[in-house]
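Below: one structure, written as structure tokens.
First chain written, first letter: the chains are A, B and C, and each begins at residue 1.
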Amino acid sequence: MRFDRNRIADVTFGASALVTGLAVAAIFGFLFLFALPVFTGGQGLSILSGVWNPGRGQFGILPMLAASLCVALSALALGWPLALGLCCGIRGFLPRPIGRLLLMLLRGMTAFPTVVYGFAAIFLLVPIMREGLGRGSGLSWATAGLVLSLVILPTMALVMDAGMRQTERRLRLTGAALGFTREQTMTHLVLPACRKNLLAAAALGFGRAIGDTLIPLMLAGNAPQWPSAAWDSIRTLTAHIGLVLATDSNSAAYGSVFVAGCLLLLVNVTVQLCLRSLLRTGETA
Amino acid sequence: MFRGLRVFMIVCLTMAMTLSVSLASAAPLDAFKGKQGTVDIAGGTAHIPVMKEAAKRIMTVNPDIRISIAGGGSGVGVQQVGEGLVQIGNTGRALSSDEVAKYGLVSFAFAIDGVAVVINPANGVNALTAAQVKDIYAGKITNWKELGGEDRAISLYTRDEASGTREVFAKKLLAKGDVAPSANVVPSNGAMKTAVAQDPGAIGYVGIGHIDSTVKAPTMDGMTPSQKNAANGTYTITRKLYMNTKGEPAGVVKDFIDYVFTPEGAEIIRASGYIPVAK
Amino acid sequence: MSRPATYFVRTAVWGAALIVPLALAALTGVLVTRGAGALDANLFFGGVPALQAMTGRVPVWDGIWPACAGTLSLLGLTMLLALGPGIGCGIYLATSTASRAKAVLGFAVDLLAGIPSIVMGLFGFTMLLMLRRTIAPNAGASLLLAACCLALLVLPVLVSTTRAALESLPRQLHLTGAAMGLGKWQTLRHILLPSSARGILGGILLAAGRAAEDTAVIMLTGAVANAGLPAGIFSRFEALPFTIFYRSSQYRDALELEQGFATTLVLLVLSLSLLAGASKLQRTLEQRWQGIRDDD
């Protein structure tokens, strides 16, 4: 009897593991399956061309891919240094109580819903961007990039912090022995030792930024053009899926949605592989 | 005594009249008493105020009937009702013969709506021509000062491709001209209205039923956009609002459609800013 | 020596410490100042008396009560669907010895965690189309479909927190079980799971928080702007995040806008309380095992 229960337990857990694995396979499988007819059904690689104009029969989603990359990279460019700054502040540069407050703030930010960020930004940031930049309608690459950096900041900061906490504890004595101040220990010992963690945080932030839907949908204007200036209205792949899912189900516009989904999945896989290779070296089982 | 009789007769007449009026107005919603069912509605965003009010009244009388309303645009309406995902698909344009043939849809035009160009109330421009609108949307005119307004860049707003409003706008005002790729895309009439109301340099287009004090509708080729003008033919950029079903409607769905065509339904349509059309 | 490096880091620190709280305060401030005025019974019930609205006798069309009820039902159904596979998978990863399977599964869970929510919604939509073409021609967008997709979305959270909670237990506990002659399941049931229960509960709350705030998935699988109270798992529903999204672009007058702000406050309070509960639970778990672990 005792033996059986252990087996049942093993089987149950194995089954849940199998279900999870199958779910992931199903997601990838279905999306690639539905994207396939786009390439085999005569439309071919034109879906990856550079103009989106359904009225003229052009269904290129490359501008959307470019827009996704631009928004994600700009959010990363602003968010990563801020996250690094916050972490260093928490781990030594700032007085203890302020550091603790900042940590609480970071944890709270992870629960802030993205739709609420978008809502607040529409009414606060968009008018400021419009008047401040003097051009464009306020719904632009810059607006979306700014808010997106706030959205990805807590994830990146918490990953950096987790790594820094261990390293800082380990290297504190070393720094003291070398006569470093706390700040110098941070800058010259801890940060270089945590390099892998910092890069992993960047990869994670990038993945999160490129996968976000609501901020670009609400704040970037959704014009299907190539991003050329920060005040341009652009459409990311994610916003494209959200907008286009409304049109006729057999036309090429619909097929472009599945191709966009596959592109996003490919980006996700790449990011995960990068993370794996970054965090594997130096890991002790 | 005669006076008493006269008063009595007047009172009786008044009571009879009020009784008949209340009986008459109770009749449309009576059709829903005791019935059960679901009506899922999706599609054109211009129709939403009418659908919402009708559903509210019906569900208050009979909570066993469930009516859900989604937007999405005319393209969504056609696709979802055709695939059977909803029972009523709303469109702001007539169905094409392909759509009718492919899905076997039946259309019911219930209101006339116009499509008008709107700008921000702070904008000084009061009149536009179709040729100017075409150039603005093609990206050739980029600053309001070229039209007599202040020195401010024009922000273009357009609808997504599934929109019936967009189709009517493109056909009748742009004469199938291009929309510049830098135009901001908004997903519904309501969204267009709020976008234009918030941006001083904006230009967009909405159904006339959505025009209120937060946006300004300049005259188009001398025609003033208003419900009255759309009804009497003075304003020519009009379209009908349609409810579409797959095959002939039956049951609660038929009751809902019939309700929209009753005098009470017409009152709802008028209150939403459209002009009712007889069945 | 290397003054520039320290200087650079110090600028980053002070810059961040000033900008981030300021930005957050500005955004929250906008919400509170423009929305606190509308936080009353009218926001929830739209003029319908509270008791009748809550029992569903009179439909609420101008209030967010149906959306609240929709979000709560969605949460409940999602957690019901995700608990089993999530916790089971986490236990498997923490206690199994098949390292190849563990590596593959770990990678799969990480992939799942990285999938954008709109792609998950797209997947739900394609599942719907597939079902309609094959075994269930009358299937429609519904609470059940949205809950399934959300369950997939929060699965990685459950898996990783369960795994972390179990792995953070001191190794002595595993040995205690073996020393007493207990089998694997009994060790789990009597020793390991009760000890890590708080961490697992914390994970459940985190997952619930994620499910409550997600918009992109439900947008494509069943949330609509107006549907009344949820009438069963096969019907369309309203949900708080979708109502907020809808209101942000389509408000008809100043009151609706103010109510939109108030709705964001409601959702914010919901998410923050779930997070607070989760971190309290996880902290007590850490504190419990702190002493023993440091001895290791």
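One rule holds for everything that comes next: a contact is a pair of C-beta atoms (placed from the backbone, for glycine too) under 8 Å apart; a residue touches a chain by one contact, two chains touch by 3 or more.
Since the structure is predicted, the reported quantities are computational estimates derived from the model, not experimental observations.
Chemist: Given the two chain pairs B-C and A-C, which is bridged by the higher number of C-beta pairs in contact?
Modeler: If we tally the contacting C-beta pairs, A-C comes out ahead.
Chemist: What chain is the most remote from chain A, judged by the mean position of CA atoms in each chain?
Modeler: With centres defined by C-alpha atoms, farthest from chain A sits B.
Chemist: Nearest whole angstrom, what separates the Cα centre of chain A from the Cα centre of chain B?
Modeler: Those two chain centres are 39 Å apart.
Chemist: For chain B and chain C, what's the span in angstrom between their mean Cα positions?
Modeler: A distance of 37 Å separates the two centres.
Chemist: Using mean CA coordinates as chain centres, what's the chain A-chain C distance in Å?
Modeler: Comparing mean C-alpha positions, chain C is 17 Å from chain A.
Chemist: Pull out every residue in chain B that's touching 2 or more other chains.
Modeler: In chain B, 83, 186-187, 195 touch at least two other chains.
Chemist: At least two partner chains per residue is the criterion; list those residues in chain C.
Modeler: Residues 249 of chain C touch two or more partner chains.
Chemist: Among the residues of chain A, which ones contact at least 2 other chains?
Modeler: Only 249 qualify.
Chemist: For the complex, which residues does chain C have touching chain B?
Modeler: 56-59, 61, 132, 137-138, 140-141, 224-228, 231, 235-236, 249-252
Chemist: Once bound in the complex, which stretches of chain B touch chain A?
Modeler: That would be residues 72-73, 75-76, 78-79, 83, 153, 155, 157, 160-162, 170, 178-179, 181-187, 195, 198-199, 201-202 of chain B.
Chemist: State the interface residues of chain C toward chain A in the complex, per the touch definition above.
Modeler: Interface residues on chain C, with respect to chain A: 2, 5-6, 9-17, 19-21, 23-24, 26-28, 30-31, 34, 84-89, 91-93, 95-96, 101, 104-105, 107-112, 114-120, 122-123, 125-127, 129-130, 152, 155, 159, 183-186, 188, 209, 212-213, 215-216, 219-220, 241, 244-245, 247-249, 260-261, 264, 267-268, 271-272, 274-275, 279.
Chemist: Help me check something: in the complex, which residues belonging to chain B touch chain C?
Modeler: 38, 40, 42, 48, 52, 55-56, 59-60, 63, 66-71, 83-86, 186-188, 190-191, 193-195
Chemist: Name, in rising order, each residue of chain A that touches chain C in their complex.
Modeler: My answer: residues 2-3, 5-6, 8-10, 12-17, 19-21, 23-27, 30-31, 34, 81-86, 88-89, 93-94, 98, 102, 105, 107-124, 150, 153, 183-184, 186-188, 191, 207, 210-214, 218, 238, 241-242, 245, 249, 257-258, 261, 264-265, 268-269, 271-272, 275-276.
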